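One structure is given here, and the rest of the page talks about it.
Note that the chains take the letters A, B, C and D in the order they are written out, and that residue 1 is the start of every chain.
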Amino acid sequence: MFRTQNDCTYLMPVHFGGGKFDPGTIVSQRTVALGITYETDGKLLENYIPEGFELLAPEVQVTFNKFTEINWMHGGYYNLINVAAPVRFHGKKDHLDGSYTLVVWENRTAPILGGREQTGIPKIYADIEDLHVLRPHYSTTVSYEGNTFLTMDFEAAGAVTGDDLEGLRSGFASINTIGWRYIPKVGAPGADLSQFVLYPQGMEVETAQVGTGTLKWTELTPVQNPAQYYIINSLAALPMKRITQAALMEGRAILRAMGARVIE
Amino acid sequence: MFRTQNDCTYLMPVHFGGGKFDPGTIVSQRTVALGITYETDGKLLENYIPEGFELLAPEVQVTFNKFTEINWMHGGYYNLINVAAPVRFHGKKDHLDGSYTLVVWENRTAPILGGREQTGIPKIYADIEDLHVLRPHYSTTVSYEGNTFLTMDFEAAGAVTGDDLEGLRSGFASINTIGWRYIPKVGAPGADLSQFVLYPQGMEVETAQVGTGTLKWTELTPVQNPAQYYIINSLAALPMKRITQAALMEGRAILRAMGARVIE
Amino acid sequence: MFRTQNDCTYLMPVHFGGGKFDPGTIVSQRTVALGITYETDGKLLENYIPEGFELLAPEVQVTFNKFTEINWMHGGYYNLINVAAPVRFHGKKDHLDGSYTLVVWENRTAPILGGREQTGIPKIYADIEDLHVLRPHYSTTVSYEGNTFLTMDFEAAGAVTGDDLEGLRSGFASINTIGWRYIPKVGAPGADLSQFVLYPQGMEVETAQVGTGTLKWTELTPVQNPAQYYIINSLAALPMKRITQAALMEGRAILRAMGARVIE
Amino acid sequence: MFRTQNDCTYLMPVHFGGGKFDPGTIVSQRTVALGITYETDGKLLENYIPEGFELLAPEVQVTFNKFTEINWMHGGYYNLINVAAPVRFHGKKDHLDGSYTLVVWENRTAPILGGREQTGIPKIYADIEDLHVLRPHYSTTVSYEGNTFLTMDFEAAGAVTGDDLEGLRSGFASINTIGWRYIPKVGAPGADLSQFVLYPQGMEVETAQVGTGTLKWTELTPVQNPAQYYIINSLAALPMKRITQAALMEGRAILRAMGARVIE
């Protein structure tokens, strides 16, 4: 009969075996990132920030990432859209600034499962086009079962160099990504597990370009996207006052896969 | 700021809101099911059955389902491959027979997330073809990133009628599906949550055909399927002594979405 | 060395062999069809009807079809969106009424190739969802690389029976589908082949429902759909004055695969 | 009513308009190419080489290409698998050496249509994974409806530099790609159009690596791939005597889109 090992970590299904827990496990991957940040209404945005956090700026950060050469996928690849807001966590023990993850869409299920269950990143599925590139123009489309709900466009204006590039590099060297891991009770309301998780992530920026970004949310109906329409429509309803930043970066992401911890 | 409601149930992301917990919530969907069961080596199969369970027969049950007209998806659809074994649970409180879920592949992510987090069904992703039907022949292919790992074929020999159909109907009216819900610790080996969950499921069989079934597992390498190869290869290594049952059924599945409970 | 046989018919690649030409070849498949017809501006619609044809009514006929149990695909399946207008052909030899095919989108490439090269049906690729069905509501979405360009919705109001069903049956028993087969010159403007082809098609209607249909075209940019945007935008620019018909039908399509002929 | 313009070139559907024929039209795209060539039995290979050609070597050339930043797709991308053999054409007018295209699989329909109808390249559809890259290992899988039929693997051994790189560059600067454009008669055996087309193509090689390549064909049944099984099985039946070349290259492809011509 199957029995778990004390020094292993598992994901469902458990009974085919897990992996030896190794705190030094490294995730390594190449990435192209397109980030567009915009100012919104802080009061409205706070509706989606849980108690215990303080919203540091009325800002929505949307980032497209294409990951390739992913070591834990034996060289595989996937795309994601990360939506976050800058926050300060006021816990009993922990006090820190970070990026609170509102939602992440990914076009591959395996990293969705690990991200949710191991680190509380609220990942869900969408179809995400690779960047269409006709220099200096870059664009992508995000959709669910054929229903477009997000488009991102970028016109590069020039490379970032010198001190600006160094600044970008140090800014992206480590980001305090924060997720809310929540596992519901079985057959009852409420949670069996509800924790905030800090998962420091970083990117070694190699090259970067700034430019003009545009971003468009399209509302969907429950028929078009039964499990996500209210998420999309909540984001679409936040006013986009002005784009404050748009940048395209290439580099590597190297992170400690087991480096997350619960914050209190 | 966002705050959870006591009478609601949530899935990540939590902060866009959940649903009022309603124990009477009904999942309704139409289904075509192709089930093929085979005898294997009981000692080998027991390697994948956790302690606390008794294997009732050296039997692997593989079922393809196409679900359509799914109410909670506003009419959407998806396919699954369920792999299970017949077991008896010997708990401190609960004693019952059921179908222990070894693994489920689905071609849609939303039901994978709910199934794992709400009821411990170990669902993972695969591409699953709709049935190719050239009566009396039916077939499907299951693959991951273009790598075939399971094919199922069925030649219908005739409709099930009369008492046989009634027997089938009562047999499928309620099945004790059992999953192992396991959520790992953050940044440490072991589990934050490890429970066996009973989720009674049933199908109202309308029509059924028996026939000849064949089923073929193909081993994959870590490069071909980094997150699942060991699951597939474990199943592929179980000897297929003989096919004991093969049937194609159509009908409806109506189940109590909140009717699962932890068994101890 | 490879040499073609006089009694065979071929598609590229030719040198792996073709099939014996058999005028009696039958294509057989099951189908669910959702047809929505609307009145438009005749003058504008005539811009897309070639000389030699007369537009019989200012009408755009849009039909979704899901085909299954397709004999020439060994039981495979695909979806299509057919867009047509009612015309009269005034040729030197041939005089006939039919349905002029403006464009067909299909979500499988094999029938696109045969349809274009063998019978001049102007088929191109799109992602086409199966019908989402929450009775009495039916809907589908058509998109290209994640960019929605057509949605169809239908609310069934009741079954068609008696004489109405018989009328529908005889109306769909044979339809004069007309395509324009056009193969360009190599390295020069103009055509090496330009012919109108009549391909009689039919459906054995088994059941039918009438109801309320809605249909929405969404314009796309060249970045979103480089090879088709002008087709979609031409159709989207035609005014939708009123929906004149909306019906959902199930049945079989049985047609003579080699029954097409060039009309002059 | 619609009427074609004399100075334009069209693809079906014709009546929404074509493009001004411009002999200087340039196709530009970036590419990563993985080429693996193997020796086979010349007599068997000749079965698939049409009369009028001479097989120059008993050699099958299989090339994976990922194209990105494609100008005519406004920055889109797709993958292909090209299978060819080295030939000499002995025509009435034309005498030239080139690469005879046995078959091309592509994972996007638009270039399949243009390639077939404009230049006679026998393109058909398959799912083709992007390269999975875990340096120095590269691999891809080619499948149809979930049925794997080709895998390619490459272990890079070192960069090509100096004179070797120059040799590679001049070798790839222009390749005489030859296709057989064949359009069948409507309602009769035989062809309305049957021509050999020369389409000079080239690649500006920027970097290259040599290494060890492996390639595996898997036979499929008509149920698994109704329109292509005989093509795949013909190729799979050619003995793979030894791999004679394996290289990975990056660079640009710049070609004259209208530079093809019929050879006689």
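By our rule, contacts are C-beta pairs under 8 Å (C-beta built on N, C-alpha and C of every residue); 3 or more make two chains touch, one makes a residue touch a chain.
Note that the coordinates shown come from a computational prediction; the quantities given were computed from them, not determined experimentally.
The set of chains touching chain C and also touching chain D is given as A, B.
Where chain A touches chain D, over half of the residue numbers in use are shared by the two copies, so each contributes mostly the same positions.
Using CA-based centroids throughout, the chain positioned farthest away from chain C is A. In whole angstrom, the spacing between the mean C-alpha positions of chain A and chain B is 30. Separating the CA-averaged centres of chain A and chain D is a span of 38 Å. Chain B and chain D, compared by their mean Cα positions, are separated by 42 Å.
Each of residues 73-76, 132, 134, 137, 139, 145, 223 in chain B touches at least two other chains. Under the stated contact rule, the graph of chain-to-chain touches is complete, every pair of chains being in contact. Chain C meets chain D in the complex at residues 1-4, 6-17, 21, 23, 46-51, 53, 72-76, 101-103, 108-110, 112-113, 116-120, 122-125, 145, 179-195, 197, 222-223, 226-228, 230-231, 234, 258-262. Partner chain A is touched in their complex by these residues of chain D: 68-69, 71, 73-77, 130-135, 137-139. The touching residues of chain D, when paired with chain B in their complex, are 127-129, 132, 134, 137, 139, 141-143, 145-148, 223-224.
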